[in-house]
Amino acid sequence: MDYLDGVTILLVVLGLVGIGIYTLMISRSLIKIIIGMQLMVKGVLLAFVLAGRISGNMGLGQSLALTIIVVDTIVAVVALAMAVRVRRRFGTLDPRALTTLRR
Amino acid sequence: MINGWLLLLPIGIPWLGCLAVWLVGDRRPRLQHTLAVIFSILAGVAGLALIPWSTQRLTLLLSLGGIFDAFRLATDGLSVFLTVVATVIGSLAVIFSVDYMHGEHSLGRYYAFVLFFIGSMSGLVLTTSLLWMFVFWELTALCSYALIAFHNDDPKAVRGGIKALIMTQLGGLGLLFGALWLYTYTGSYDIPQFLGSPNSVPPTVLSWMAFGFLIAAAAKSAQFPFQTWLPDAMEAPTPVSALIHAATMVNAGVYLLARFYPAFEAVPGWRFAVMVVGMLSAFLAALMALVSFDLKRVLAYSTVSQLGFMVYAVGAGGVFASQFHLMSHSVFKALLFLAAGAVIHALGTRDMRQMGGLGPSMPFTHVVFTLGALALAGIPVLNGFWSKELILEVGLGHGNPTWIVSLMILSTGLTAAYTVRMVAMVFYGRGHQDHHEAHDAGTAMKTALIPLAAGTLTTWLLLGPFYASLKLSLPHHKLELNAVWEEAVGKAGVSEWEMTFKVGLEILREPSTYLVLLVVVLGVAAWLGRARLASLIATFRGVEKAAQASFGFEAINEVVVQAVQRAGEALRATQTGYLAWNIFAILLGWLVVLILTMLGRAG
Amino acid sequence: MDANMAVIGLLALPFIGAPLTYLADRLALRRGDQPRFGQWIALAILLLSLYCLSVFWFSSPLQQGTWVLVGSVALHWDGLSVLLALTTILLGSAVTLFSGSYLAEEKAHDKYFSLLLLMIGSIIGLGASNDLFNLWLWFELMAVSTYLLVAFYPQEKGSLEAGVKYLVQSAVGSVLILLAISITYTYAGTLQLDGIRARFSDLNSALWVAGVLFVIGFGIKAALVPLHTWLPDAHAQAPSGISAMLSGVVIEAGLVAMLRALMALGAAEIHWGILLMGFGAINMLLGNLLALRQHQIKRLLAFSSVAQVGYMLAGIGVGLAYQQPVALAGGMFHLFTHALMKGLAFLAVGALLYALVLSHRQHTPLTLEDVCGAAQRYPLASLTLAIALLGLGGLPPLAGFMSKWQILVGGFSAQTDASVALMILAGLNSVLSLGYYAPIVNRLYRHQPSEAVLRGNPVPNVMILPLLILSLGILVLGFVPSLMNPINDWAALSVLGLGMH
Amino acid sequence: MLYALIGVGALGCAIAAVITKRLLLSAIWLAFTSALVALEMYLLGGPFIAVIELSVGAGLVTVLFVFAINLTGEENTYHSPSVLKGLALGCLLACLALTGYWVLPPTLVSPSNPDTQPLATILWEGRRLDIWLQAFLIFAGALTVLGLLRSAPQETSHKEENPDGLP
């Protein structure tokens, strides 16, 4: 791996995080928002593997990434459960319906 | 020294009483009345018991450590005097309340806060740590707020209470920052140490402190430009007005200025600013009192005006004169307020236009009220006369600006005019139909009024001893009455009581005294002959209008409050509740912080 | 029991307790009973933790702390950890005591105490973690254990909505933190906080970016304006005990985590300090202005938390920017007193909410109108609420005044224009905040009770007890503020990296 | 070059996941992204994590999504134009550009103290605290999901006032 590859992967990391955050803002379905959260974390995972590679400690990078995957999956499950609940209670998944609390 | 713990009594006893009254609960009002009276009288005794220590220093120091320094209490002439005022007038107000508050709701809350106030006020004057002075300062503000808003169902009372709280707090920031600066430069909050060496603080900071304290004092003593909260505070039950908003708490500002006078005396412009603040308050408030129709408001404006005299006196270099007037004013204003309370209690209204002709039906109240009014107007030989003369004497000497003292003398004339107007409107003239059965003051009320009336006649006799004790116990103040008098009265072997008479004679010998008396007489005459002066008065219509609108200060308050409220309301629109915008806000934060940090890094 | 054992006990107890609590409550529910034992198990666990903490305090050589090594991950018990643990356990105990009756109307609250213990345990661990990634993991555990607690009434729209917003915004924060950790690790080659700190005497631009991401990522949990938007929703909708925990310790835990991460990048601490001072100013001002016109009491209190975090930020910021341990200690002291006061405020409001609304099996929010005259029927709940509110407003001699005072002393001692100006702003804001605290107190003490109060049910004594305990703490600290000095000072020194070895 | 190719592929799949209107398709695009990220990881020298990512990220999570979408049902997810869209994009791009610009100094690669410990040791020994915490996270997550999905008795009574969120 050379310098340029590192740069490329970093751009991919930022790209994935960016696309994820953008999804959170424009999406009109909670499920899609959770997909956005997943995308962000994919980027971060890549960043950790890259960090492990650069610092010469692939083992640590991988074990951290593994932990992140576990945690993120739990968060996704919780979020999906909440989305199911929202669908039942609000009758829609549109986050823009979630504005009973404001001002 | 075991005696140091004595100092905790005037604070502790009322606070204990506060707890006791609150624990008794509102189901046993008789017991509450009794307990409150017992504890307040005990507090009064504790306060009086400190008098022997007014010249020797009695101290108590409880170390707290860290930046909180220590809890310090100490006696000197000034603090003992004000403790006595707080506890004695406090107990009289409590006794008065037995009749006045009879059958009221939430007596427990009332008495608890009154007793809490008495303790806090004693603490405020006894402590020599600026941190704890601020603590007690705020505590008195808290009690004042709670008692003004005692009738919580009345929106006017609530507004008045919150206004008083916020304005005094706002001013209190001056004291707060002053204390912080003091700590920053000296590493302690010890007041005597600071008074001894004010130069331990750099000159610019010292002047910040001086003006900060002036702001705090002005807010607490309802001086220009913070005077507006005091009239609104009149929603409080009348004994509270007498105690807190006439006799004690509002004096705290004057006390502050007097206490720190030696440190700030040399700050350029400070004395002048104090004089101007005092003069403006004295003069404008007197005008407002002249045109107001609410009995308690007239008294409130008159309090502002008289406090203006005291503040002016401090600025003019007459610390003793200001404290002496404070003593007189506490007594006669408490008397006036409590007597007014008896009237209001009997009639159920505060509007003077609804009164009139009450003299025959309330003879006792009539006599004591008039006595207080004469003292307020500065008629000899009542206590108000002597102390006011002292202030004006100071103003004429010391190279103080003459135009300010002229306005002060004019204010004494106005004082006389509104006093006569007040007494005439309440007790003389055509009676109102429905007030013929107005009952005179009850027993408890009389018990409270008689000592005050006696005091109004006699407290000026204390001039000599009071002066001696202050002079002995305030080493940094370099007190003097007047260079010429000092020679006449200060000879060795002259006893303290003799001194009273010597000073009295000196006052009577001064030509300026007669000038002031002439102005007072003119003021009285102006009110009595107002029909003849109609054309002259007409030219002052504009002033009257402006005075009734309290010279626009209410409007300024209102604008500030409205602006803050609007800002709060407008900002709520930013809380859209949309998840997308919330995340956008995060992004925005990220961007801004990123840019700022990088700029900071480059810079 | 020595310091080491005490610390391990402190870490392990909540995690042992959590499954036990759940089992006990679950079994009761299965038998058709009300869950009852969970509360007491949780309380016992917390009291044991408190005992462990006190053993640690008395047996550990002060100013030095204790290291515990689990594998290659180190936990360092220093002043900051002790302060956070103390705050969490104290408030947690009060909340546990309070919550049993509060939830009586809820059929299935078998998970409540278990999650509460997990949250407390994770905050205790978070305070001690010396490993950047481990820090994030504790942080995430804290977040996950609060999601259900915020969305505790999933049949209520508001509660669910608050939960969703909280979750999504937390997730964003979490990703930013992870990004920052990966950047830091890339350039530092280690995850140990003290290792990173020791390695750099100057930061390269990537580490600066990492610092910014730490500020934003943790700042979401710590409710820096404008990242605070989840907070009013979550605090207002959660059960009152949880509101107390969220306001009292969770946002502070975010702050502590941020401090830990930033201090690893301590080479730029002056800049971080100035940044936090800026956030402090914005937080105070906007928090107060937004609270000014709120009608729902819990939402108002939530916005006031935003403002109160501003004071902590001001103290901490001045402390870092101008190397003032006094200001830092003031920030820490305010962290503690705020937990007591805001915890008390939320619990007292919770007691009223329970009496006026929840016990009627309703879920409407408590408005200012509802509490009018509450003192007539609920004297103790009203009195404690008044104490909490006035303390938050900074009136002496309540604890909140003393902690603000210490912050102000720190700011003035720095003797710079910026710090003094910030302190003046803090003073003005304190006065402004009375503009919304005082009217609530006035309403409580009206003579004419509102309809809600007239219909209200009595408050169980067991709910009043924690209120009294917390008020006592507030009063005692108001008169003897120096009781907390040793812990605050130690915490401040720990943040500055002084007195470690 | 290979990194770039796969990276662009992953980004493309991610964009597809975002712009697709059907949720199910979106989830599948997410799975593709995941797979490509896993491939990238493999190439970077992390075979272990690549496998995990492939099985969990592309497998398990997709199943979860499909399951959830079945429960909630497909819903029309047009992106209506809003002020936010452009603003968000601008702000986001600025953030990412600045972050990327400053994270990338001239010397990116600095392999210091290469650690040769095997992964299993690091994971099970060195970071065993993390493993414990994961266990508790799973516990907390399970409780949360149970709590969220329990059927509440009150819910039926609220049904009437339900459809205010429906289009």
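For the reader, a short list of remarks on this structure follows.
The letters A, B, C and D name the chains in turn, as written, and every chain counts its residues from 1.
Keep this in mind: contacts are C-beta pairs under 8 Å (C-beta built on N, C-alpha and C of every residue); 3 or more make two chains touch, one makes a residue touch a chain.
Not measured: the values here are computed from a predicted model.
Distances from each chain's CA mean to the overall CA mean are smallest for chain C. Per-chain CA centroids place chain A at a distance of 4 Å from chain D. Remark: chain A and chain C have CA centroids separated by 27 Å (rounded to whole angstrom).
One inter-chain figure worth recording: chain B and chain D are separated by 67 Å, centre to centre, where each centre is the mean of the chain's CA atoms.
Averaging Cα coordinates per chain places chain A and chain B 64 Å apart.
Residues of chain B in contact with at least two other chains: 572, 575, 577, 579-581, 583-584, 587-588, 590, 594, 598.
Counting partner chains per residue, chain C has residues 133, 137, 140, 144, 147-148, 151, 154-155, 164-165, 168, 172, 183, 189, 205, 208-209, 213, 232-233 touching two or more of them. Counting only residues that touch two or more partner chains, chain A has 17, 20-21, 24-26, 33, 50, 54-57, 60, 64, 67, 71, 74-75, 78, 82-83, 85, 89-90, 95, 98-101. Under the stated contact rule, the graph of chain-to-chain touches is complete, every pair of chains being in contact.
Note for the complex: chain B touches chain C at residues 64-68, 105-106, 109, 131, 134-135, 138-139, 142, 145, 149, 151-153, 158, 161-162, 165-166, 169-170, 173, 176-177, 180-181, 183-184, 564-565, 567-569, 571-572, 574-575, 577, 579, 581-583, 585-586, 588-590, 593-594, 596-598, 600-601. Residues 572-573, 575-580, 583-584, 587 of chain B touch chain A in their complex. By the touch criterion given at the top, residues 99, 102-105, 110, 112-113, 122, 125-130, 132-134, 136-137, 139-141, 143-144, 146-148, 150, 152-155, 158 of chain D touch chain C in their complex.
Residue ranges on chain A touching chain B, taken from their complex, read 21, 24-26, 33, 95-96, 98-103. Listed in rising order, the residues of chain A touching chain D in the complex are 1, 3, 5-12, 14-23, 25-29, 31-32, 34-36, 38-39, 42, 45-46, 49-50, 52-67, 69-71, 73-78, 80-85, 87-94, 97.
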